[in-house]
């Protein structure tokens, strides 16, 4: 029972991170600020959902698979964020300035 | 005018199809014609007859293996069609592609790809070899290998990756799937079976059942290798640039 | 039961195997590819010839793939008519392949030549499998190989027109494939089987009439596009006239007919008895479309200025002939349609290869350019004339025999109007063929254009043309060798 | 309504939306990206219809390989659909 509660909490936290991340992706004004919620929160959200699943599952060989998934997720998500950000920087994609945002209301 | 006609045609087709779907037997009903005719035998006896735990693999490679042979030929045909339109690199000429991306990949990305690709290939080998016991098989594994080659090529460029899988490896292996089927199919003739007999009657006559498993795995490996090579060749043909960078020494 | 019962499956798979082995040969010794690609097709033809006489005209050969009995496994079901068509396929593909080498060297650039032969073998093998299979999903699989390879072969020269024609072909062909797939899915959902014979029995018992009707309509439309039945023929003239000539010969002489044959097989052996009302209703519609095709194709062929375009429209007209024979639902009509598949295949392949000879040597595509061609390329011109006679239906040629049976079948079925349309189609054919012959033989050429030097096409390109044109004559004179068996087989099918 | 049905409905709605978007998008690159999303949802659908083999294929081929091939094709030709 306690296991279920802990697992539930982890999963809820993960989902919350996803919601925040997606909101950020939609609301943030430019590419660089959008990168921030989408990569960071997705990684954290997915990882805590997986931790929740691991807790729910208990000790078994499946834990190893979950651990691998977490590993690859951390690595690939970070690398993707890095690659996107770096190429955007090198291609001189303009930064967000506060004034422009005010002009069209929502910023994006 | 054209748009209206197209819209009318599409909506007529949609109404027709929805009408058919509505009058089709209900989904999941155990009395369906589909559930009572051929399927029960597949579900009940596939493991005993085809020696594959995964019934799907048993059906696509054994009961309906001839269809799958046709499907892998379709895949090969797709490659031939791409090469017919785009042309193919020729022997003795090193081809490259002009790197159009303004940003070269950084060390971090390169290291990560070099680290990940072996794992991806390991996973796909697992998928291919366990096709007869768990979901997956040659098609899926082959596609994953192809995907890993796409990642490698986008980061390191055509020159590097075609050095690792040169034409002389790809050319004979592109048809590995069809060859595997043909080989196993012809082996079926040994001992009086029909084409594509995976030795089931021979097992009944006292041969060891692991033979069937080995033949199934052989076909799976053929499909996986062939699919991977076809995808790689399609990718190379698509990103290859017309100008030939350097003649062979 | 000797080893011969394995022959059909090897007739199908050997060309496919040959196709997958060719890329490696193309890598090692590119020059050998044209010769090596003859080997698998020759093997198929040989196996087919060895099968002659093994299959009785009222019976069939059933081959269970993998040893699984029919509804569970896939069955190859080869009756007399099927074997007949397989032999036609083997013969014409081998001849057009012999023709290909010189023509392709000129038209297709180096990096693509191996792909040409690979696709050619795939297409031939798929046609053989398409004709022989007794499983409706297997039919679809082979149709996909056939369609995919033919799209690519139309586009293989790589120039703008070819790519555009191929794209038009894909735009028509891909939806038709989806329609056939949907129809097969619907049929499976109400019967639970994919084997054609089993389907016939299950359809007779099935209570889902609406699903059956829609799936039949989808099948007719789907195969109708592939067979270029009149209102769905838009892709044909472009694709058939722009493709390299040997491919035109294959597309026009075989592919459309094989697709028509598949529709017939589904009509006669899947939707039997119970569904006969439905089939009859659709057959009437198909009959009207076919009659329209005969007239439309003929008239359009007369209006063309481009030689290959004219031959392509003639194909539209002749597809109408074949369907008119089929919709008569009499043994004579069916025999006429089958025999027309043979002689139209031979004659059309011959015409396209002749047109290919003109293009290869002189680059002439327009009909007007052929004035006085006889003085320069007599062998090609004679073959062209002979094949034209068969297209018109002049007595000693095979075209006469098939048209005779087609008209007989329609009269017997009480369809006088269609018989009249068939005759009118012959007159139209006479107009467009004789015009070309008149230009070739009786008109003086432009000054200097044809008078430069005497040289006909190389032997490797003349031989297939002559074999094909003599074959139309042979099958006209010796039709009694085949017709009685075909009649018997047709009566058995009905 | 059961959870499973609700999830199915959401998936079907997403499937329809992505399919329509993929067809109507003028920017071909956007169409390809949406199409890849469509494939991913389709893979989920296959999994829910208890066809894991198909789900694997769809995820690898539909969402992975074809997307890249489409993107390559777009960069070799024009990005915008003509009006």
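Letters A, B, C and D mark the chains as written, and numbering starts fresh at 1 in each.
Convention: contacts are C-beta pairs under 8 Å (C-beta built on N, C-alpha and C of every residue); 3 or more make two chains touch, one makes a residue touch a chain.
It should be emphasised that the depicted structure is a prediction, and the values quoted were computed from it without experimental measurement.
The central chain here, found by comparing per-chain C-alpha centres with the mean of all protein C-alpha atoms, is B.
Computed centre separation for the pair chain A/chain B is 33 angstrom, with centres defined by C-alpha atoms. Centre-to-centre, using mean CA coordinates, chain C is 38 Å away from chain D. Note on chain placement: the centre of chain A and the centre of chain D lie 21 Å apart, centres being C-alpha means. Chain A and chain C have centres, each the mean of its CA atoms, that are 58 Å apart. Along chain C, no residue makes contact with two or more other chains. In terms of inter-chain touching, the protein chains here are organised around one chain that contacts all the others; the others do not touch each other. Listed in rising order, the residues of chain B touching chain D in the complex are 54, 56-57, 100, 127, 135-137, 139-140, 143-144, 146-147, 150, 154, 231, 234-235, 238-239.
In the complex of the two chains, the chain C residues touching chain B come out as 6, 9-10, 13, 16-17, 19-21, 23-24, 26-27, 30, 63-68, 71-74, 109-112, 114-116, 118-119, 122, 125-126, 129, 135, 137-138, 141-142, 144-145, 148-149, 151-153, 155-156, 158, 163, 182, 186, 188-193, 202, 206, 208, 210-211, 214-215. Those residues of chain A lying in contact with chain B across their complex are 72, 75-76, 79, 82-83, 86-87, 90-91. Across the complex, chain D meets chain B through its residues 51-53, 55-57, 60-61, 64-65, 68-69, 72-73, 75-76.
Residue ranges of chain B in contact with chain C, taken from their complex: 16-17, 19-20, 23-25, 32-39, 41-42, 62-67, 69-71, 73-74, 76-78, 80-81, 83-85, 87-91, 167-168, 171-172, 174-175, 178-179, 182, 185, 188-189, 193-198, 200-201.
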